[in-house]
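Common to both upcoming complexes is subunit A, partnered first by subunit B, then by subunit C.
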Partner chain A sequence: MNAMGFAWRSLIRQPARASLGVLGVAAVGALLFDMLLLSQGLVVSMRDLFERTGFDLRVTATDSLPGQGPLIPNAVAAARAIAKLPTVRSAIALRFANATIVDGGPRGYYTSFQGVEGTGAHPWSILRGRDIGTGAEIVINENTATRLALAPGSRVVLRASCTDQKQALPPMPFTVAGVAQFPFDTPRGATLATSLEMLADACGGNESDEADVIMVASQDSAGPAAAVADVATLLPDLRVLSNAEAVNRFERGGFTYFRQISTVLTTVTLSFAVLLITVLLTVSINQRLGEIAALRALGFSRWRVVADVLCESVLIVGGGGLLSLPIGGLLAAGLDNILKRIPGIPADVHFFVFQPSALRVHLLLLAATAVIAALYPIRIVARLPIAATLRDEVVG
Partner chain B sequence: MIPRRIVVALAAVAVAAATLHAADTLPSILISRQLSESEHIAVGDVVRLSRESDGAAAQQFRVSGVYEPTPDPARLGAVIREVQLHLPDLLTLTREPAMPAGSEYVESINVALVDPADADAFARDVQARMPGISAQPATGAAESTGPFLVLRRFHLAIAIVTIVASTVFLLALTIMLVDERRAAVGVLRLIGLPIRRILVQLFLEGLLIATIGSLFGLVLSLVSEGLINRFFQWRYDTALVFVRVTPEVAAICVAIAVPLGVSATVVASWALLRRNGLRLARR
Partner chain C sequence: MSTSNGDIVEATHISRVFPMPAGPVTAVADVTLRIAPGDHLAIRGPSGCGKSTLLHILGCVETPTAGTLLFNGNDVTTLSDRQRSLLRLRRIGFVFQRFFLLPMLTAAENIELPQSEADVSKAERRKRTSELLDYVGLGARADHRPSELSGGEMQRVAIARALANRPGLLLADEPTGELDRATGEQIAALLDRVNADGTALVIVTHDPALAERCTRVLTMRDGRIESETTSA
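After this line comes the complex of A and B, so read on.
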């Protein structure tokens, strides 16, 4: 019988003990797996979201995030100039504001309001109806459509709010052209979009050619790096960021907390697993010292009994590790649901994202745990004095 | 209260501003430690601030002090480059040319009460007398905001998983430890000690071990509290406290750990004691 088969038989001799060991490793392993998914999940999810918008450059007036800094002056002209660059496929100017839909209630329905102008596709996907045309038309997201029972063709009156200052702008009528999905919508967020010109009209018509951000799609043949260089040369007063740079900045921002907590918890869970498996194996070995000494006396080599202990550790950790994957998947879904309730998080962003690299690291860490946890019990069996142990067993 | 957007914009301009030396008659400002360190601006220096990104219509200010920003978990990881101005100076600097003085607005007003215990009643009173104004006690405001509630739930979920894993391991360990004393328990049964008496003894042993283990865990958490806080404060350059072992938290931990330890011992012992005494004592 080989070492693995022998270790298996040793474990099933004590089914309760072995099962509890495997279950314990499964619980710890599930937490470890989730922490690995969390460590890069948010960044991977944000990168995916950026790429899905179809634009790979963002041009802003300052280093502030779009919507939180000063507006870009002459934005439409700038977007057209950018679109003509050989490394650029298309460019659109976007301006963000807020609006209240007058719905008969005392306060109205508060929404995010954006205006777009340029040569590229609009940064939303039409679900029903059609895209905005040249008139006073808007597209609305699903939450707004459901909440106010609106459909393509419905008429709405909205009051825009375009600066920090308290404004009393006149209400303006719009026709709903379609229902759209916006990539950065929050689960309960309400979003409207129209042309930059109509947004400027709703904002009082004083800032008709200003935008928060110009989104640029680079030519596939040129790539974003060349487009960044060209745009920066064309408009040296503006800030240009590629998706990779934006993700990098995001990674260094406030959400590094999740990466840090995942590192801390990974370290703690691994230490916990090593300590407890070591204790389980050590106690188990101590109870079987006489048996192991007898096997040595019968001709089992030192390396063979060492291999038996190592295989026992591998079986406990391996069994627990296999169980940890489905448990970890379910746990990750639950924890993701909790974290996605943080206000302002887009509905399509996830904190726990599966990546093959996370699975590889998980397996590697579990394998290291199995080996490290077995070191001390291995030392006991390797140095076991056969005759003295047998005598103690008989005399004791 | 200075609007954050303006503070950020001003800070960004301050970064680009040249430091000059000028007379003491200039209006004074405070700058954050991080801004002072990154731009080498010292107390007494004169900086130029503008609300425009191109530095137009800049005004001169004298740096009268450097302050440590109030720790803010929402800005963790951000290098806080901030400037604090006297409110009239800020309004003068940021007012639109066409806007008459006195028509500006502020985002919030911080109120210090004579008796902080009156905060709830004061907030209710303000809201009743001034419709449209939201008044909240400062302590409640911090805890009622979404991100902190969500993070608390997340940490609770992680804690529950950890407790489940610990319980399983604990049960496995106690089964083995009790099993190791099988012969001794068998002899006690054979000399006439009733199961109940042995169970009480094992219960007391479990209680003692669980209590000592809990106390050791508390000492370990107190030691690691300092280490974790120091590491993350260094990592994020913040005075924020990340881990705090409060008496309440310690009590909850002991209240969970001791019953868990004792229960695991009793469950494992009961499984052993149900066996025949002769069988237990047999080698």
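After this line comes the complex of A and C, so read on.
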């Protein structure tokens, strides 16, 4: 009977204690797994979201986030110039505003409003109907379509709001060309989009060539880094970031809190797991000192009795670790649903995202836990005085 | 260092001193003893006289603090812990007062365990275990766990376990101490048989009846051998 088989038999000898250990590790392991999913989840999710737009560079006037800083002047011309660069496949200028659909109730129906112009595909996916063409056409998101019972071909009148200052812009009629999915939509948010020219008209006809961001798709053969360099050379007054750089900026900024929280909670949960298993194994070993001394007297090596204890720890942690994965998965799904209720979070952003690296780290940390938790009980059996223990057991 | 006189154990002027807070305690003092193949030896004496410590030294569980101890001619005090473990595994059998069978294993598995540790093949283990169970009269109890056996049966399994790797020396520390008189008699008879079949046997006992069955009886007092009697 090898050490693992022996450890298994030792564990099932005390099924209640073994179950307690396995369940404890499962609970701790589930939390650990969730912390690992959380530590990178938002970053991974945001990166996916950026990549799903089909653009891998974003050009802004300053370091502010698009929509929160000054507009890019002559944006259409800039987008066209960028699109002609050999490292660039396409570029579109995008402007963000707000609008109220005036026939959407007593106060109207408040939406975000985007205008786009350029050579590339638009940063949304058409679900029904078609994309915007020339003229006063808009695409709307599913929330807007459902809430106002709109469909392709419907006509709406909306009043745009394009600056922070109070404006009294005239309402403007649009035709719904299609229903689209916007990547950064919040679960309950309403979004409309039209051409940059029509948005400028709705904004009173001023600033018709300004945009919040120019989104750029690099040539596959060139890659985003080369495109970033070309755009920066072409337009040195603007700020250009690849998706990876934008994600890194997020990671260094607000997302750091999630990593710090997950690091603290991971340390706490692992410490708890180590203590739990150490206590269980130590109690178990102390109840079996006579047997262990007898085995040593019968010729079992010090290494063999150490291996038995280590294998017991591995079995407890291994069993609990396996259970922790489905529990952690369910827990992550539930917590993700709760966190996604925070206002302003895009529907497609997730806080807990599975990545193979998280599973690898989870397994590594659990393996380390098994070893560290076994150190004290291993010390007991490795230093067990055989003769004195046998004597004590008889006297006791 | 090696001798050629054929003794299994040759202890010369061995002592064992335990450091204690109140001062060192000498458990075994200047004992010289030889155990030859087939010997049938009892060690008697009052509690605390050093019987068990001497047994543990003979069984290479303890090392003497003075003197020399040869096992099959090899100096035990120079062996590493690993080497002493191997020596115990292959050459020495232990029987304990409290049996120390592993409760989660069956009788057969308890007997197989030392063989498994000694890398005996599975087929050979099975065969040897079956032989030993028959030898100790428990062929029908192979699959019983210790909790399903009586005290006498547990000690029989413990004796079979001690014989599993065919040791030349069997050491028994109060083997009948936990048993009633009738059961103790059966165990004593079994140990007689083990000795008669060629295994040297050293028994530490308080039981005069058990000691009288041995051909050599050592009486200890204060860590020293007070007397030795030999019978035919």
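Simple rule for what comes next: the second predicted complex is superposed on the first by the 395 of 396 C-alpha atoms of A that agree within 3 Å, B and C clash if a C-alpha of one lies under 4 Å from a C-alpha of the other, contacts with A are read in each partner's own complex, and residues count from 1 in each chain.
Keep in mind that, in the parts below, contacts are C-beta pairs under 8 Å (C-beta built on N, C-alpha and C of every residue); 3 or more make two chains touch, one makes a residue touch a chain.
Bear in mind that the values here come from a model prediction, so they are computed numbers and not experimental data.
Trainee: Which term applies to subunit B and subunit C once both are placed on subunit A by superposition, clash or fit?
Mentor: After superposition on subunit A, which the two structures share, subunit B sits beside subunit C with no clash.
Trainee: State whether A:Tyr257 touches subunit B only (first), subunit C only (second), both chains, or neither.
Mentor: Touch partner of A:Tyr257: subunit B, not subunit C.
Trainee: Who contacts more of subunit A, subunit B or subunit C?
Mentor: Between subunit B and subunit C, B touches the greater number of residues in subunit A.
Trainee: Would you sort A:Gly21 into first (subunit B), second (subunit C), both or neither based on which partner it touches?
Mentor: first
Trainee: Is A:Ser10 touching the first partner subunit B, the second partner subunit C, both, or neither of them?
Mentor: second
Trainee: By the touch definition at the top of the document, which applies to A:Ile386: first (subunit B), second (subunit C), both, or neither?
Mentor: second
Trainee: Can A:Val361 be said to touch subunit B (first), subunit C (second), both, or neither?
Mentor: neither
Trainee: I want to verify one number: the closest Cα approach of subunit B to subunit C after the superposition, in Å.
Mentor: 10
Trainee: In the superposed view, which residues of subunit A touch subunit B and also subunit C?
Mentor: Looking at subunit A, the two contact sets are disjoint.
Trainee: In their complex, what parts of subunit B are in touch with subunit A?
Mentor: These residues of subunit B touch subunit A: 3, 5, 8-9, 12, 52-54, 73-78, 105, 146-147, 150-151, 153-154, 157-158, 161-162, 164-166, 168-169, 171-173, 175-177, 179-180, 228, 232, 235-236, 271.
Trainee: Please name which positions on subunit C make contact with subunit A in the complex.
Mentor: Residues 52-53, 56, 59, 61-62, 81-82, 85-90, 92-94, 96-98, 100, 102-105, 109, 112-114, 116-118, 161-162, 165, 173-174, 177.
Trainee: Show which residues of subunit A lie in contact with subunit B when the two form their complex.
Mentor: 16-17, 20-21, 23-24, 27-28, 30-31, 61-64, 68-70, 164-166, 237, 252-257, 260, 264-265, 269, 272, 276, 279-280, 283-284, 286-287, 331, 334-335, 338-339, 341-343
Trainee: In their shared complex, at which residues does subunit A touch subunit C?
Mentor: Answer in residue numbers: 1-2, 9-10, 12-13, 290-291, 293-304, 386-387, 390-391, 393-394.
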